[in-house]
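I'd like to ask you about the structure that follows.
Going in written order, the chains are labelled A, B, C and D, and every chain counts its residues from 1.
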Amino acid sequence: MSNQLEGKKIKVGVLGATGTVGQRFITLLSEHPFFVLHAFGASARSAGKTYAKAVNWKQTTPIPAGAREMLVYECTPDKFADCAIVFSGLDADAAGDIEAAFRDAELVVFSNAKNYRRDPLVPLIVPLVNASHLSIVHKQRLQHNLKKGYIVTNANCSTTAFVVPLSALEKAFGPIETCMVTTMQAISGAGYPGVASLDIMDNIVPYISGEEEKIEWETLKILGGITEEDDGSQSFEMHSKTPLRVSASCNRVPVIDGHTECVSIRFHKRPPPSPQQVREAMVAYTPDVQTIGCPSAPRQTIFVHEEPDRPQPRLDRYFQNGAGVSVGRVRQCPVLDIKFVVLANNVSIGAATSSIINAEAAVLKGFVDI
Amino acid sequence: MSNQLEGKKIKVGVLGATGTVGQRFITLLSEHPFFVLHAFGASARSAGKTYAKAVNWKQTTPIPAGAREMLVYECTPDKFADCAIVFSGLDADAAGDIEAAFRDAELVVFSNAKNYRRDPLVPLIVPLVNASHLSIVHKQRLQHNLKKGYIVTNANCSTTAFVVPLSALEKAFGPIETCMVTTMQAISGAGYPGVASLDIMDNIVPYISGEEEKIEWETLKILGGITEEDDGSQSFEMHSKTPLRVSASCNRVPVIDGHTECVSIRFHKRPPPSPQQVREAMVAYTPDVQTIGCPSAPRQTIFVHEEPDRPQPRLDRYFQNGAGVSVGRVRQCPVLDIKFVVLANNVSIGAATSSIINAEAAVLKGFVDI
Amino acid sequence: MSNQLEGKKIKVGVLGATGTVGQRFITLLSEHPFFVLHAFGASARSAGKTYAKAVNWKQTTPIPAGAREMLVYECTPDKFADCAIVFSGLDADAAGDIEAAFRDAELVVFSNAKNYRRDPLVPLIVPLVNASHLSIVHKQRLQHNLKKGYIVTNANCSTTAFVVPLSALEKAFGPIETCMVTTMQAISGAGYPGVASLDIMDNIVPYISGEEEKIEWETLKILGGITEEDDGSQSFEMHSKTPLRVSASCNRVPVIDGHTECVSIRFHKRPPPSPQQVREAMVAYTPDVQTIGCPSAPRQTIFVHEEPDRPQPRLDRYFQNGAGVSVGRVRQCPVLDIKFVVLANNVSIGAATSSIINAEAAVLKGFVDI
Amino acid sequence: MSNQLEGKKIKVGVLGATGTVGQRFITLLSEHPFFVLHAFGASARSAGKTYAKAVNWKQTTPIPAGAREMLVYECTPDKFADCAIVFSGLDADAAGDIEAAFRDAELVVFSNAKNYRRDPLVPLIVPLVNASHLSIVHKQRLQHNLKKGYIVTNANCSTTAFVVPLSALEKAFGPIETCMVTTMQAISGAGYPGVASLDIMDNIVPYISGEEEKIEWETLKILGGITEEDDGSQSFEMHSKTPLRVSASCNRVPVIDGHTECVSIRFHKRPPPSPQQVREAMVAYTPDVQTIGCPSAPRQTIFVHEEPDRPQPRLDRYFQNGAGVSVGRVRQCPVLDIKFVVLANNVSIGAATSSIINAEAAVLKGFVDI
């Protein structure tokens, strides 16, 4: 990789820089081996201030020294013209127009927002699963008459946790037919201020608006494939080797970081793999972002716990600096085939870390002009 | 009921009186319309002390005035000879021998312990479901050569929440074939001291030893029937109109009281009932403990919430003084037929309140000599 | 009391009816022996709706049946003309103008808002301490050219906890000279949505804006006296038998309800009373709202715990239905004279319950035309 | 330092290796620049197992690779004969005899246990305050007829937080006369399993057995001096330039790690320093463990926050990898002179990190034969 990039530093911008996801982008990018923070965008209220003045910093590490005195701009493409890549931590109500404007200005946008996830020209990428979907950006550029600009999205945090082991299992054993998942999601998934303390202390909220629909739909796109059409162009196809039915039940729980999910699946393959075969397939799973050397990708993608009471969010959310996924309790399901518990850090691989690995993959695969 | 009992007060004892469940028994029984606290049993360490001295009281209401100065005895039947009923809040490691000794001494025992739940002669009763199973005590007495004594158990707290709506639905729509349930269980379900704070603050523990097996097995017994045999005797039969397959995933969450469970079911009936029909059947459900006038039975057994984000343990666990069950989010399941969320108060209907309603039903149905 | 009122029901209104404090007013007043809910006021957004539609109900008991279908009005005096008393749970940004308008319309306002607490004509009353300050309303009416209308405020929730034992001790042992108090305040003190869960889970916030100043100032007014002036009128005088110096440090803690405060005091009296004398004075303390029979006043004002680890908010906040105060750990202070811990329920005696007892005292003492 | 030690690795042992403090020692020492883990001691139950088998690991990072397969021994000196230093994370009930036996076997013990803190020959060292007290070990050896062995203790976690700013202020402004401190202490301070979740969720426990006495006494020893006696030997003297009176109120709060303390002090010096002078003195404070280059000492000892709502345990406990102390809200006290809030990480500088810095100082100052 250092060979490929020959020590180049790639200038990047952050949109929504003062928000929760923006703070994570800045924390992670401040120590990145080849990205270098160059421009920050936020709302008009913050524009013109230094970052240290504009932000209500909520991370457990201090504001990176290099970021403190950087000026915050409004989110207009001209201020980001020198950036090879722009990361977006914008809220959904602002992301739609701004990200489109940035793309139209020939900027490359890696977005954590939900707005373009369902766009058939925009890849929806969980880097530990389907970085191969990056290739669709050619068609996106074509349709928008662009030479360089495009948008890539990453998935919802609760979807991310869950598709990584599914991908490992489909790779090893072929299509999954049925999946039931019950999530127990951390409060940080709702942003800041997000969940009121009076709503969640000593409590469970068995509902997160739109979340179940996101899981049930995004999973099909992420685990879907890419079809070469007759004219040489590419399209997505939703998961369709066999129809995959997903049923999700989403809950907010009093946990700060880390989404825990109870999953039960049925394979198309009969007889289905044993729990031990499932464990082995998960341990062996090596997505291509790991193979091509994305520096923020985990060294081990899925850790499989043997202890009966793991994974636990407080103990396991820091695995691989939050970029890996932890699985435990792989066992037979009396109704479907296999049950297990999966945990992923929603503020790392479930958000900013995904965007960053996606961007790393885009650079290493040649989808970014640098 | 007051007619039936003609104002009689029925003397009752409490085993395990200083424990968590015992404290609940004493709180509830101190204000009971026809039971009156008469004898307390605990370990040798507590015996000989007044209750106020022996107990490490952890309830949010004070020790009932009448209980403070009562003496605590060891758990031997002679001290309880005047009690028509004995409630057991004993731990499983003590309950086996002590409850058997009490039964053999012709005492009637209503137990919250797990030891005899699988005994084919011992009813396992969730009062809002299968109080009719009380009739099996005739056979229990017969086999043990007893005139009066018997043991009745109530179910595990996580099973209790879940079988009440299942029973309502089987009554309305016939057999359920498949049930998937993921529980989010309160810390009080583990007793005191129970769960270490370092294990559960800002955390989920996706495992409770033996809990999934209890749910998967107890459900079949509770929803099963009673067969008249050729010799006129009765036997249990496990749920068998059609085979019912149950898959449970159990989690401990940082909630003080109240178990929340995400349930998905498939009916035998095709086409299955709609969500609205399911809601109506739950609202209409009236178990016989309500009909015969058990004073601790809820006036409304199942409350069905319309708001999308309910039930929640902190807001709904006090419904019907903890004796009722709250359901919400009744909706179609993309995989099975119907999904919903159910909440029950594990320290009330999930424990002491169940034993008490069971005992009330036994009195009102003539199974207790008074 | 029933004699005095001869079974009369007194119509009352609630301003800010949909807010947190308003919900508490309505819960408590729906079962009141002589107040009857008559009119609800809220913001323009809620006006015209039924209460059940307008409110985002967050109490653990259901909306009182009688309140569900009551219409919500804007906060203008004409809709409340039939009310003998209006309770205000308004936020500070609205309370100033609205409460003045209500008073000017000859309505009697008992307010939980902070706006008029420092007004020298408005009593600041913690009912367990200084209900005698009600008499100042004569002068308030005079200065505002009113016959009936006036405003009475109750204290900040953290002040309330703390002045009750101070009042008991000053009554028994004379003036206190110095008081240091460190508070650990519940999240419900900040209203809803109030404190973000990300700010308080697994955390302490050692700052509550304006809170320390409130404690340090309100204490002097509440423990102050009333002076008869030469012209027969009355004025407040701040605590001044000897100067009382108060130093407060306020913290927000992850507790739902109940403010816990560590207090250390120095008496003027030398030698100071012993811890045992302090405990006895607290137990014996009987404020006049208790003597004159205010129905919402606690039967026991201060409970003094002997166990070393009490009071605790989760176990003791329901003492006397939240209207009493719990004290524990009375012991010598190596620096001042006496240290103790005090706990009060901030949503009961620290808010709505105080306003209601104040109103009950005003009725029973003849300050309300009924 | 690397010069001094010339790249030497110093073998160290850990007593109580499977406990909470032991796990911290092993985590920290596994990456230490000059200490190398050599022997582990625990109870008979663990002896003979590999560390990975013996321990119930509760850290958020995995067991260090080098430690997993190390054998655990019973705590007898012969197994530790090759260790230049032994760290003790033993519980108080075991530490007394075992640590004495190790010292008598000529081993150097750095202990986190409380047993020898009050021994007039044993230094009680908070490394950010009084590493100079190490010199008393000469007398300890002399009295015990030892050539190499001695015991050094570090302070209780709640004392540690509080003496660091006091030391900074005494150094700058001379003696402090009076100190009032109210602590809000994390659950991890009680070890594992420690505090039951039912005792601390949604709760405060205003009592920690023995804790207030420890703070009030240990502070005097730590801030005390060393007297050269006529015979050339040294003795401790308790803080006595002027008498220092300390009053502590200790509370357990639902925070995982990090003790927060509200402090108010009075200086001997009149007029006292201003808040700004106090802030500057804290920022400037540089204890000698920093000067002499102890590798685990913080680079900045006290961070002084300007924001009004800091320090907060969840955000600030990782400052300087847990080795530094955070102060905020420095302001005037209406009763004494100055108030502030201090936060320290009880599992780092409040426990294992203190022992390790003490040992580093002992090595660098020549008190350990290597």
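In the analysis below, contacts are C-beta pairs under 8 Å (C-beta built on N, C-alpha and C of every residue); 3 or more make two chains touch, one makes a residue touch a chain.
Just so we're on the same page, UniProt names per chain: A, B, C, D = Aspartate-semialdehyde dehydrogenase.
Predicted model only: the values in this text are computed from it and were never measured.
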- Query: Based on CA centres, what chain would you say lies at the far end from subunit D?
  - Reply: B
- When the contacting C-beta pairs are counted for B-C and for B-D, which pair yields the higher total? B-D
- Could you work out the angle of the rotation that brings the CA atoms of subunit A onto the matching CA atoms of subunit C, rounded to the nearest 5 degrees? 180
- Message: On a C-alpha centroid basis, what's the spacing between subunit B and subunit D, in Å?
- Response: 50
- Query: So, what's the distance in Å between the C-alpha centres of subunit D and subunit C?
  - Reply: 44
- Note on the structure: Chain-centre distance (mean CA atoms) for subunit B and subunit C, in whole Å, is 41
- Would you give the residues of subunit C that are in contact with at least 2 other chains, written as numbers and ranges? 58, 201-202, 254, 256, 314-315
- Of subunit A, residues touching subunit B in the complex: 178-180, 182, 184, 201-207, 209, 216, 245-247, 249, 251, 253-256, 260, 262, 264, 308-315, 328-329, 333-336, 339, 341
- Task: Can you check the complex and tell me which residues of subunit D touch subunit B?
- Result: 58, 187-188, 192-202, 254, 256
- Hey, which residues of subunit C end up touching subunit B in the complex? 58-61, 201-202, 256, 314-315, 317-318
